[in-house]
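In the two assemblies presented below, chain A is common to both, partnered first by chain B and then by chain C.
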Partner chain A sequence: MRTARLVCAVVLLAACVAGAVSADISLEYAIRAAYLAKFAPFIEWPDSAFATPGAAINICILGSDPFGAALDRAAASVTGGRPLLVRRLASPELASACQILYLANNEAAASLPAGLSERPVVTVSEAGGAGMIAFVVDGNHVRFDIDDDAAQHSGIHISSKLLSLAHAVKHKAAAP
Partner chain B sequence: MGIVIGAGLALATGLAPARAQQSASEDLSQLSIEQLANLSITTVSKVAQPLSDAAAPVYVISQDDIAHSGATSIPEMLRLAPNLEVMQTSPSAYTITSRGLNGNSTAQNFPNKLLVLIDGRSVYSPLYSGVYWDMQDVLPENIERIEVVSGPGGTLWGANAVNGVINIVTRKAADTSGGFVELGGGDYAASAALQYGGALDSDLNYRVYAKTFYDRAFDNGSGNAHDGWGKPQGGFRLDWSPGQDMLTLSGDLYSGAQAQAGATNQDISGGNLTAHWSHPLGDGEALQLQVYYDSATRFSAGNGAFTLNTYDVEAQHNFRIGSWNSIVWGIGDRIAQYRITPRIATDSSLLWAPAARTLNLANLFAEDHIPLGSRVELTVGLKLENDPYSGISPMPSGRLSWKVDNNDLVWAAASHAVRSPTPFDTDVVEDLGAIKYLTGNSHFLPEQVTAYELGYRGQLGPDVSASLSLFDDMYDDLRSVELTPITVVPLYWGNKIRGEVYGLEAWASWQATDWWRLSAGFNQQQENMRFAPGAAQVLGTAQVGDDPHHQASLRSTMIFDAVSFDADLRDVGMLANPKVPEYVELNSRLGWKVSPMLDISISGYNLLHARHLEYVTGAQDWIPRSFFIDTKWRF
Partner chain C sequence: MSGTGKQDVNWPVLAALVAAALLLVLGLLMARYEDEIYTAQQERDVGEQAQILAASITAAVSFDDEGAAQEYVRALTVNPQLRAAGVYGQRGTLIAHFARSGALPATAPEPGTQIAGGSMTITVPVNQDGHAIGAVILRADTESLQRRVTRYAGLILLVTMGALVIAVLSLSQAALIRRARQLTEVNTRLQVEMGERQKTEDALRQSQKMEAIGQLSGGIAHDFNNLIMIAKGNLRLLQRKLGTTMPNAAHHITQADEALDRATSLTQRVLAFSRRQPLSPQPVRLSELIAGIGELLRHSVGERTTIQTSLDAQWWTLCDVNQMENVILNLAINARDAMPGGGTLVIATRDAALSHAPADVTDFTPGDYVLVSLRDSGEGMSEDVRRRALDPFFTTKPQGKGTGLGLSMAFGFVRQSNGHLAIESAPGAGTTIAIYMPRYRESES
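Coming up: the complex of A and B.
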């Protein structure tokens, strides 16, 4: 952490301030970090999303990182299946290399390349953002809404178990 | 336009995760998704005041606050806002204002400086600018939040926002799905409600409700005041979200009756239909369109009646210039058509000339948010309002906010707003026997306010949030009573009172333990009013308002697994003229979640004294101690 702070001070990256200044985050964000890691086992990506059968699932953050080390710890604690790797994206062009992409703010969402919605990338945003999964604060709980229509459109299959745990689900309109 | 602020004041914190919950993330890795979803988060910043960037004193009453307080009517819910004065005078009548100027009944000065919106529909009466609180009712279960902004928000919110804006936002139909039945009773009130919500399609949700209640009469100085009342109401909401758009259609219908001492009942009835469409265009740009129709009727046999039909259309567009400058602008028109049959109230000498009119109120506004650096934002706005009597009034506003760090925001604002003349100001004719005693003034000027405000909002520690605002509101052209030269009568309305109200509003919230939250609120104000040169000085400057110099509140909320306990202590300062002594009162509620489907609660109101007086007007009832047992069943 000290090395990270030194690098950030030198390079003055805005994204560093939120994550590196304090190693501890609020419970609200710790819950989000835990969710991001725990979603992975409930999601099936098409084979074309991975280079090799053992390739890691990339959990990416676009925009200033609100999780810091908490997300790395959460990713490390999910075992079985593909390993989870946390990446902080420097630019939105690399978004298509991710399997789960957390959009930290509206600017990040607005900067996504066109056509990303056709790629098997699970976008996660805050409430009101356009992510396939959106975190919502309901009463005093952190929960999530799922847009299953957008997920299926991108070739992603979200397990019905995860859909049943969601706060609200937007289903694909039934074929006549 | 209420629609902008609704979008701008999102409740999710999304900010400032800088304080510690030691090793929180290590513990969470052991939990399943279900367990994560049930964790209670430390929502200090969400409870009373989210760290939003709004450069204004905003207090948000959440659905949680409403549920725990045991409040069943909108005025009782508004008692939770520390920047409002709420005084009850009968089972159905309340005097509500922000920052003073609550009027005086002898001078026929009713609180008339608040803009109140329900889902963007304006509910203050264009006849006299006041609010008929007995005609506004929303099922408490359906309220998402109530935003209370004190001070003039004239630029953006709408007409009449001179002392404040109250914006009541209801929950989306998708959030109230399933069945809901409520049955409650106590020594002064009984109520029942039934609601059902569901989905007609994957993106089409609806809810339908019916509710009714009966409140029995209070006592006043003459014994039983015979002013009990009841009002059945029903309505619906339909939300359709094709793609990114959101279309909402909602409506209500009500018909109630109020008993009146020594007279037949007063009937109040009405209905409304509102359609709202929001269309995001991508890249932070969006379009919103709202249309509504509102009808209201008050009728009392032999004493008078009015019917009012309002048609309103408003459009709003927000977009960005470059990557940082964001602009909102809008245009709207409201047509209010009313007819008053000879007498409007129980006072039999009140007439209106003409008795029917169609008023057209148009407005155009624009507001620009300009970031100056990464932490400072300047907002400049202008509203132009064209009212039927005085032409165009400009209402400029400038606000500056500085996010000192992730946890603290400092803001300053200067704004100007007006209260446009209404038929009560211009058309009223009051006779005393054969003599024409008082008339309106066809040249009545808009009342003016220029407000200077300074505020702070932030998180003082991991579990404490606070907000403080200082204000200095300068008023001009306030309504006064003038004498006709030589003949003295008829008296007529003039604009010869001016002055200022200055003070502070503060609130704070402390999450003391996982299960215990404490909130405190305080406001203090000093009113200095004087007559302008040439004024007849009839009735003195006390006619502007009978307001307490201070109000304080302390609220405790304890939430255990299935049991919750709330206590709400309030202290309202003395009112000077007419005199009402200072009082301290306590509301309390014990709730028990018997099962995921059944909630039972018992509430006690005004527990400290058998009865107390809050304000002197109209019925002047003593407000009694009362209790209420409520059951809610969800299926």
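Coming up: the complex of A and C.
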């Protein structure tokens, strides 16, 4: 079922973000930027993830930023709930302060601190990367896989609504 | 009678109509109420479905995932009541929908419920963190035509059955009332007829009794008369033989002869009663006959009885004039005897065309009659006496005063002359003897 699901047509999304797409980034990355911002409402972090109850959700980029201003605009467009802040990390040491962490490349993934997988940080990467959520390109569509097992291991709850949109979901092998 | 009958028929029908109308109004109100309840229920149901769809489709709307949205929408097609369903994306355009009939608006309408043309359209926003990011639209029949028709058909059937039951009950009750009244009428008529039959039977029995007595006594009287003749003839011979030799015997012979005369008279009267006396009928006007014996009548009844006459009859009749004079004289004397302290005797004659038999008269032929009536102002008779008055040898007079043959002889003569005789009397109200003689037309031309 899930594999049969069609995701948003690139063409339609192109109309959505057309204004935001600048010459230097591809349409695909504009979509990724929008997705990054839109993940937030469907993810629940434990209280320990935030310093204060009203604290913002930090969307961090580790490695070279492929989104540019598109991500800032996407973050601003998501209203309601906690505010979204985009941070471009200079050092992987700061990663534990993030709630969503985009790993721009494998080097970035490799540079992460050892204990980060225990922290409530949703890591996002390209296909084959180490992120809990991984962007995949299925035909002409940008989609994503979700490693729900890893997310739960970090104390993060991903909404079933989001899971239902995923291209593939990795669940815990066998629930006790 | 017909007026009340009409009312009896109309009231139940009216009541049935009113009851049926009430049932119908009540049924319509109930149907309307059910309609409203059903519509509200439907609105609630569809609204809840829309809310569920809106809640579950947030991610699909948020990520503009038309495929996922379409899948959610398609899942709703299993509900046959839904005519159409749609999801509007973040830009307010339709991103997923199905429609069995009609079309959905191209852009998201305002949230709320619209009911029109048998269908309701419910729009619910898709919220994310308190912000609308899209909308869900559901359209459903307020109620299927089939369901409504079925419900109204059931209602109409119920009302019709109810009205029918009421009508049938009312009509049968009216019929029962009518039947009961008919039975009562028939019963009353039966009672009357039974009474009349009883009277007729009594009269018939009386007349048969008279007939039998008449035949018996007539036969005896006839033979008696012959024996008396023989006795008289022999007495005459004896008188002739002894008249000269035994002067003393003449007295005894005369005595015996007189006794035989009285016996002759008696047998004559019995014969008259038994209708076997020889009669020589001739045409006569009874008014003239009575006028002719006026002096004799007055002499017979004496000074204490006043005779008034009212002789209006003009028609002729056929009868033995001497016997008729005798009868009237006898009746007048009877009347006198009924008025020991004096009184008035009214003798009247009149012409009468009778279509019905007078009271107590049997064997009557309707037609023209000359009626003679003698009405006294005497003491009258009890019903018992009146009924037996015509019986031979029945008398209320002291022993030796009357023979009990006067009235029966008159009756016998009148019947022999094809006439009728009736007695009308009540204690204290006098007695009227009426004689009906058939009209004799041949002398009138």
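Criterion: the second predicted complex is superposed on the first by the 151 of 176 C-alpha atoms of A that agree within 3 Å, B and C clash if a C-alpha of one lies under 4 Å from a C-alpha of the other, contacts with A are read in each partner's own complex, and residues count from 1 in each chain.
The rule is simple: a contact is a pair of C-beta atoms (placed from the backbone, for glycine too) under 8 Å apart; a residue touches a chain by one contact, two chains touch by 3 or more.
Keep in mind the model is a prediction, meaning the values are calculated, not measured.
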- Would you check which partner chain A:Ser159 touches, where first means chain B only, second means chain C only, and both and neither mean what they say? second
- Superposed model, chain A: greater residue contact from chain B or chain C: B
- Query: Which holds for A:Ala90: it touches chain B only (first), chain C only (second), both, or neither?
  - Reply: neither
- Figure out whether A:Lys38 sits in contact with chain B (first) or chain C (second), or with both, or with neither. both
- Figure out whether A:Ala130 sits in contact with chain B (first) or chain C (second), or with both, or with neither. first
- Partner chain in contact with A:Gly80 - chain B first, chain C second, else both or neither: second
- Item | Which of chain B and chain C A:Ala70 touches, first, second, both or neither | first
- Task: Using the superposition on chain A described above, determine whether A:Glu28 touches chain B (first), chain C (second), both, or neither.
- Result: first
- First (chain B), second (chain C), both or neither touched by A:Ala55: neither
- Message: Taking the stated contact definition, name every residue in chain A that is touched by chain B in one complex and by chain C in the other, in rising order.
- Response: 35, 38, 162, 165
- Taking the complex as given, what residues does chain A use to touch chain B? 14, 18, 21-22, 24-31, 33-35, 37-38, 66, 69-70, 73-74, 77-78, 106-107, 110, 126-128, 130, 135-137, 139-143, 149, 162, 165, 167-168, 170-174
- Message: Taking the touch rule as given, give the residues of chain C at its contact with chain A in the complex, in rising order.
- Response: 56, 58-60, 62-68, 70-71, 90-91, 128-131
- Residues of chain B touching chain A in the complex: 10-14, 16-22, 24-26, 28-29, 31-34, 36-43, 46, 63-64, 174-175, 201-203, 244, 283-284, 323, 374, 406, 462
- Query: Which of the residues in chain A come into contact with chain C in the complex?
  - Reply: 5-9, 12-13, 16, 35, 38, 41-42, 79-81, 159, 161-162, 164-165
